[in-house]
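Here the chain labels run A, B, C and D in written order, and each chain numbers its own residues starting at 1.
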Amino acid sequence: MRVLYFAWVRQKVGIAEEDVAPPAEVRDVATLVAWLAARSPGHAAAFADPKQLRAAVNQDFATPDHPVAANDEVAFFPPVTGG
Amino acid sequence: MRVLYFAWVRQKVGIAEEDVAPPAEVRDVATLVAWLAARSPGHAAAFADPKQLRAAVNQDFATPDHPVAANDEVAFFPPVTGG
Amino acid sequence: MAKVLVQQAPFDAGAETAALTAGRTDVGGVASFLGVCRSDDGLDAMVLEHYPGMTERAIERIAAEAEGRWPLTGCTVIHRVGRILPGEPIVLVLTASSHRAAALESCAFLIDWLKTRAPFWKREEFAGGTERWVEARAEDDAAAARW
Amino acid sequence: MAKVLVQQAPFDAGAETAALTAGRTDVGGVASFLGVCRSDDGLDAMVLEHYPGMTERAIERIAAEAEGRWPLTGCTVIHRVGRILPGEPIVLVLTASSHRAAALESCAFLIDWLKTRAPFWKREEFAGGTERWVEARAEDDAAAARW
């Protein structure tokens, strides 16, 4: 599974992307967040308040209950501020 | 009093402007319309249906009850269609 | 204070837009509306007549109304008169503001009011020499009455 | 089908507008919104980050939504990324239609949805080296929810 980070999420995690192989109990965005948060202090800081985070699965915005699978591209970022 | 005509009102009257000296009973836009309509067949055609006409007195839109006086510039035209 | 021009000549929308932002850093957005001559029903040309003097005065008032209702950093209205061919621009409305909603709303307001409160009249010329005065549309009155 | 570009380079709003009317006579109006970088609070520069791939996809979807809701003859969205200085343009939305209301409304819709549904993030750089990520604004969500 490819995980991407943007904006301050990227800065806190300390990397822009990584390949991960979460265990079988990681089935959706919410359980992936909990699993990623345990990977490093940077991850923990980035994922400390899930309400501040938004996610995309395979480049579509996704809610916490959206399923994730081994070949997915999953991204985490703050609410968008373009335009 | 200077009277100006625009668009199809000008075409029907046959002239773009004229100086007129209406009698004292012409006190407002409505009575001016009635008086002008009697000046020629062209005027009569132009003023046949006052509901199709709009007026301005001294370059401000004016309603039929708007007063008119000797030194005024009064214009008659169809509803505007710019933009 | 808005820039208002009534002219036969074409205008340069890009240069007018640049003029609203040049040398300042408080403009967050510029909204614009460019009205273009369509060739419905085999139109050959559109001839725009106006009431010189009153036209500029009316547009300046409409622009002042917009500047009173929204916090604008700039406003430009250019309306062409005379003979205009299909595909050519007729009118340009530009509004600049620190905030996008003010720019967007005031731009829509200006074109709606211009359509119903500025003394212009359009005559359509068709192939074969026929012509027709454009009639005012109830939906334009409704659009103007929204504001 | 909208023209969507995400790029570092500046764009030419005049040329993009001309492209929407070139060679056709069914366009009655072109509405546009140009978003410009303000220098609030002593801003030195704005740095725009995005999600390559998803960004274009998201904008194309928003544009397709606009084209489904309004009868547009053309639609162009250009959003810059990278470092942008105060006074420089950030985003251009252009909509063309036979009817002005369709152009004006769809333009406002597009910029409202772009602000809340396209993966861009703004970082502000201030004199002295401090920086700050721009926070999403509740009023932008409200503006987007109108449509």
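The rule is short, and it goes like this: a contact is a pair of C-beta atoms (placed from the backbone, for glycine too) under 8 Å apart; a residue touches a chain by one contact, two chains touch by 3 or more.
Just so it is clear, the structure is predicted and the values come from calculations on it, not from any experiment.
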If every chain is reduced to the average of its C-alpha atoms, which one ends up farthest from subunit C? A
Please tell me the distance, in whole Å, between the geometric centres of subunit A and subunit D computed from their C-alpha atoms. 26
Averaging only over C-alpha atoms, locate the centres of subunit A and subunit C and give their separation in whole Å. 48
What are the residues of subunit B that contact at least two other chains? 83
Each of the following residues of subunit C touches two or more other chains, namely 35, 100, 111
Which of the chains are touching one another, listed as pairs? A-D, B-C, C-D
Using the touch rule from the top, collect the residues of subunit D that touch subunit A in their complex. 35, 48-51, 53-54, 57-58, 79, 90-91, 111, 114-123, 133-136, 140
Give every residue of subunit B touching subunit C within the complex, in rising order. 4, 6-8, 56, 59-61, 75, 77-83
Write out the stretch or stretches of subunit D touching subunit C in their complex. 12-14, 17, 21, 24-39, 86-87, 98, 100-101, 103-104, 107-108, 111, 143
